[in-house]
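The structure appears below as structure tokens.
In this document, chain identifiers A, B, C, D, E and F correspond to the written order of the chains, with residue numbering beginning at 1 in each.
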Amino acid sequence: MDSLYTLWLSTGLANFELGQVIMMVVGCGLLYLAIARNFEPLLLLPMGFGAILTNIPVAGFSEAGGLLHYIYYAGIDTGIFPLIIFMGVGAMTDFSALIGNPKTLLLGAAAQFGIFATLFGAIALNYVPGIEFTLKDASAIAIIGGADGPTAIFLASKLAPELLGAIAVAAYSYMALVPIIQPPIMRALTTDKERKIEMAQLRPVTKIEKIIFPLGVLLMTIFFLPSATPLVGMFCLGNLMRESGVVDRLSSTAQNELINITTIFLGLGVGSKLSSEAFLNVETLGILGLGAVAFSIGTASGVLMAKLMNKFSKVPINPLIGAAGVSAVPMAARVANKVGLEANPHNFLLMHAMGPNVAGVLGSAVAAGILLALVGT
Amino acid sequence: MNNMQQQFLEAGTLMLAGMVFVFVFLSILIIFINTVLAKLAIKFPDPVVVPSSRTNKKSNSQVAGKVSPAIVSAISGAVKRYRAQHGQAK
Amino acid sequence: MDSLYTLWLSTGLANFELGQVIMMVVGCGLLYLAIARNFEPLLLLPMGFGAILTNIPVAGFSEAGGLLHYIYYAGIDTGIFPLIIFMGVGAMTDFSALIGNPKTLLLGAAAQFGIFATLFGAIALNYVPGIEFTLKDASAIAIIGGADGPTAIFLASKLAPELLGAIAVAAYSYMALVPIIQPPIMRALTTDKERKIEMAQLRPVTKIEKIIFPLGVLLMTIFFLPSATPLVGMFCLGNLMRESGVVDRLSSTAQNELINITTIFLGLGVGSKLSSEAFLNVETLGILGLGAVAFSIGTASGVLMAKLMNKFSKVPINPLIGAAGVSAVPMAARVANKVGLEANPHNFLLMHAMGPNVAGVLGSAVAAGILLALVGT
Amino acid sequence: MNNMQQQFLEAGTLMLAGMVFVFVFLSILIIFINTVLAKLAIKFPDPVVVPSSRTNKKSNSQVAGKVSPAIVSAISGAVKRYRAQHGQAK
Amino acid sequence: MDSLYTLWLSTGLANFELGQVIMMVVGCGLLYLAIARNFEPLLLLPMGFGAILTNIPVAGFSEAGGLLHYIYYAGIDTGIFPLIIFMGVGAMTDFSALIGNPKTLLLGAAAQFGIFATLFGAIALNYVPGIEFTLKDASAIAIIGGADGPTAIFLASKLAPELLGAIAVAAYSYMALVPIIQPPIMRALTTDKERKIEMAQLRPVTKIEKIIFPLGVLLMTIFFLPSATPLVGMFCLGNLMRESGVVDRLSSTAQNELINITTIFLGLGVGSKLSSEAFLNVETLGILGLGAVAFSIGTASGVLMAKLMNKFSKVPINPLIGAAGVSAVPMAARVANKVGLEANPHNFLLMHAMGPNVAGVLGSAVAAGILLALVGT
Amino acid sequence: MNNMQQQFLEAGTLMLAGMVFVFVFLSILIIFINTVLAKLAIKFPDPVVVPSSRTNKKSNSQVAGKVSPAIVSAISGAVKRYRAQHGQAK
């Protein structure tokens, strides 16, 4: 009998708190988005699962000695996991479209306005009773506007670890929603004639350019923004492994097994921050709300920048590719292509949109570095 | 000046400094591409690969008719790896 | 001369102790079983090698700063390695046969009697002079009856780390011996007519069932047995990655590279616990003896349960598949198939035996959770 | 009551509690499968894939006669990977 | 304005020191050697990149909390990374040529004279003002003569961590230069007639020999030189996994994904030791100078030993294969083959040179063990 | 005796001890190969594989004419893996 009573005391049923139940439902919601709706499943599936595990009473997954505790402190608190992911993403990225049409970097720059506008918005949310974001918190939230998962996780783990869960959920959810959020904004800000603009074929890019490019980016980051070098450096390492052509086995491992292993644990670790104390509050609602705004502003900024450039440039730019500047590689580029095809069935913008798309990744990493340098101390 | 005002001021400064910096940074990158990389591209062009129609044809016929030893070994390698991956592991 | 003397003092020959020599022979024995007899080579080869390395005098593999010391404390003491293996096994497991014929879960339940009978036996061994097993020790030993390597290593690392080496050796050795231990018991407990029973074809299982199943198992474990959630949770995560179909690259990595890397280090780390002090004593003999009994009882329980179910079920069950309830996936299912074919050359039981086989994995994990909950505090 | 007796008592209680728990747990799982999963299976059946004999034939003939571009690219990928894996690594 | 000033203070430009700039140029030099000259790119590319990252001002890659700091202390300071690499190299090594012609072990032994002569040279460098090598330093430097990267990194991390960067740079650079350093020495020490010697076909080697060989090597190392067992042990584990044929999936992972992942981080970690304080001094010049001498002496010793053996052996040995005794697998064997073909276009020495080549790996590991045993305490 | 002299003495001893040890060690290994391994090779020869010209021919014709199911599955596996590897990952 004693034994049965001990067993009962050790059951989940006897120990559940309401917050834990709600957070498990949230975790199941993330699994649903990942599996049924195909929302960024590579991260949301392990993240949703981690959210369930971390909220199991008695089991202690995120307490000292628990699996998620080890994962979080070894891989996320140190920043190692997002950096490894970034190296893998670098090894997957082809900068040809960007080097072939460097002006698209300006589109990637403009789209970062989504980040800084969100920062403003986060501070404004302090008017709401119960929300009290410091400048660090606001900066970590703002990076959602960068539409880049690893960058958001890296910055949040440095500036506002207690908001990491909500920020990661918002970042990945809105990245998955890009095909829904962007098109209306793109259509609203462009005329049918603009959307029909056909772009000149990209010039061919030589091997030497692709090898020197990541080194040049790294060098500039070292000169002007050392605080961004962890992100940019690992990204450039991955890209250099890819383009150098002499370490194909390392490049392949970085793009496949290493990034896969890290993604599983990154997802679980981020999920472990989805505890009820950290997530079930009005601040999370604020973050989720700001995320939608951030993406919209970033999209609009990119499109408007492209329209502005068209006033000065001899070579016409289809303003739709400006929307790809928010990063969210390669989804945003595909969206630009799709909206372009609606207007002009012979107009394939995909390759042209890849330029601002990868420029957006660099732009977000630079923005993250600025925030780290200015508010991270 | 109250606290909120100061926070807005800070956020505004951040926004301004940040956007300026992002634009300057990526603009320098444009210059870098248009000068350094462009020069490098001219100085070190990619080796021109003559797409010999002969070898192309050969490789087509290889696939269609008989398979080259390299492909055979690749296939057998794939079979091997497939088996290795599906062996017991627990 | 001085230098030569220093060199001599540093040789193994000048520092060997008898126990170390014997343990190296044990390590070689494990290598022999792995290589020449194909006994669970994936674990026994690195384990045997680890046993040799840990017993090298002077080298200090398992002392602070030594390679095996790092491996053991980072991966096994924390429980991380067995959990990663369990995730990979989950990603390899197809529950179709179980979902298609859920009654076979009862066979997997019955076979766990091997565990609890062994627990009783381990306590009884305290009558032997020189053996003094606590209830924790006995529980860790008992899990051998679960015929599941990672579960045994996980539980032993929590309840009785000093017995880990002997328990792992026993568990994997007997798992490899399943084709020798089981058939006589299966034949003794069944009539020829029973062995000839043909089973109805399994109903087709839909994708949604296979996706919801691991979540349902996890949910039940959370409700009733949180202490089993590390094992069951990681297993279900692997299975969900497999069945969801949206993260194939993660599932593939979990089933291949990640489980391979972890297996190498798990084997080495477990081998590092095969020191003479921990292994060369009468307790080890007791553990090895109990292991054989445990497997036999588990096998018998499964077969008898199937016979009992036949008395009540309309659809006939071939009692041979009850033996597969001990887990030892997929060996035990193959044994059931083979013994079945001897009696009826047209009777292919393999798919039917996979049901109790994977049920046995769940059953052992549940049993491990119960032991952790009741004696682990 | 001496020590051994008490240990046996504890072991016996564990055995009883454990076996009951295992059976109850897995029995609930049976119910779960028979109710929840069965209903889900009816509600969300797998999409029926019509095994068009046409495409089957085509894919057979592809393999027998000429090889499809996808397979060619897979083979060349395998060759590539094979080479990458057998390069020097030290 | 304040904000802009903070941003300026955080730039690299405002914080650069001359030493850092020079070390970044050194890092770029390593990248150039790796990419443009194909000098051991698998290690020199990440190493050069690591050298750049570690010298970025403000970023703190190698300070507590920095990425390279974690990598170095987790993987190199502990010795884990070189040991994992060595396991992978073992899994890649085929000892057939050595077992088929065991006399070639003497060539591998002779070539280790390069190590011990360098030790003498390193002590002699103490006459140079500003250089003060202890016996530990000298031993760590000497191992460059072994022409084996992981062995050099392992020994340096134990005996002289502050010299690790320079030693690794020297070791890998000269290994890449083997095709340039060796041929003149080989030609100078042999007559045309000697270079034309054709060698008898190797006897076939059975599977059992290849399985027992690594175990025999390990056993001898245990008996006579336990301090070498980490290196030799992991090497033999890899080789046993390869030859046993029962754990192909582990062997494949050790040869591919695991060694690739480790190589990336090993390179970065070694690169992190290329700080200006540790590298920009006269000692580094001494190390680089000694490295060239070490390789030359090792090459000459191997060739001369082969000539000596020819005086006593009935079966003729082409002295060119003696040069392969320095290890640098498989480059040195290819060089022997190439120089041999120049003298006799029908003389294929590659397989024969693989014997001394892999013997050189064992010889260097043994020499490393001796140095550890004698000066490592 | 000054310090440098002593260091040279130590280095010389190390050189001597080291080279002797390396030679002794690898010489014992030669003996090990010539005795233990040689005996093992005689006692446990590799199983002789009769290179049946029949199966060889068959496997050749398989590749040239039609492809065996194992190879088809390997190819389809390669295609699958190829796709899996090139899916989105960020």
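Heads up, the rule we're going with is that a contact is a pair of C-beta atoms (placed from the backbone, for glycine too) under 8 Å apart; a residue touches a chain by one contact, two chains touch by 3 or more.
Which protein is which chain? UniProt says A, C, E = Oxaloacetate decarboxylase beta chain; B, D, F = Probable oxaloacetate decarboxylase gamma chain.
Please read these numbers as outputs of a predicted model, since none were measured by experiment.
Under half of the residue numbers found at the chain C and chain E interface occur in both copies, marking it as a different-residue contact. Ranking every chain by how far its Cα centroid lies from the centroid of chain E, the top place goes to D.
Chain centre most remote from that of chain C: B (centre = mean of CA atoms). Spacing of chain B relative to chain C, judged by their CA centroids, is 44 angstrom. Between chain D and chain F the centroid-to-centroid distance comes to 34 Å (mean Cα coordinates, whole Å).
Centre-to-centre, using mean CA coordinates, chain E is 19 Å away from chain F.
Residue positions of chain E touching 2 or more other chains, listed in rising order: 3, 7, 42, 224-225, 249, 252, 256-257, 260, 263, 370, 374.
Along chain F, residues 10, 14, 17, 21, 75, 78, 85, 89 each make contact with two or more other chains.
The touching residues of chain A, when paired with chain B in their complex, are 98-99, 102-103, 105-106, 108-110, 112-113, 115-117, 119-120, 122-124, 126-127, 135, 138-139, 205-209, 212-213, 216-217, 220, 224-225, 359, 362-363, 366-367, 370-371, 374-375. Residues of chain A touching chain C in their complex: 3, 6-7, 10-13, 15, 24, 28, 31, 34-35, 38, 41-42, 45-46, 49, 52-53, 56-59, 61, 65-67, 70, 256-257, 260-261, 263-264, 268. Considering their complex, residues 4, 7-8, 10-12, 14-15, 17-19, 21-23, 25-30, 32-34, 36-37, 40-41, 43-46 of chain F touch chain E. Remark: chain C residues 78-80, 83, 87, 211, 215, 218, 222-227, 229-230, 233-234, 237, 240-241, 244, 246-247, 249-250, 252-254, 257-258, 370, 373-374 touch chain A in the complex.
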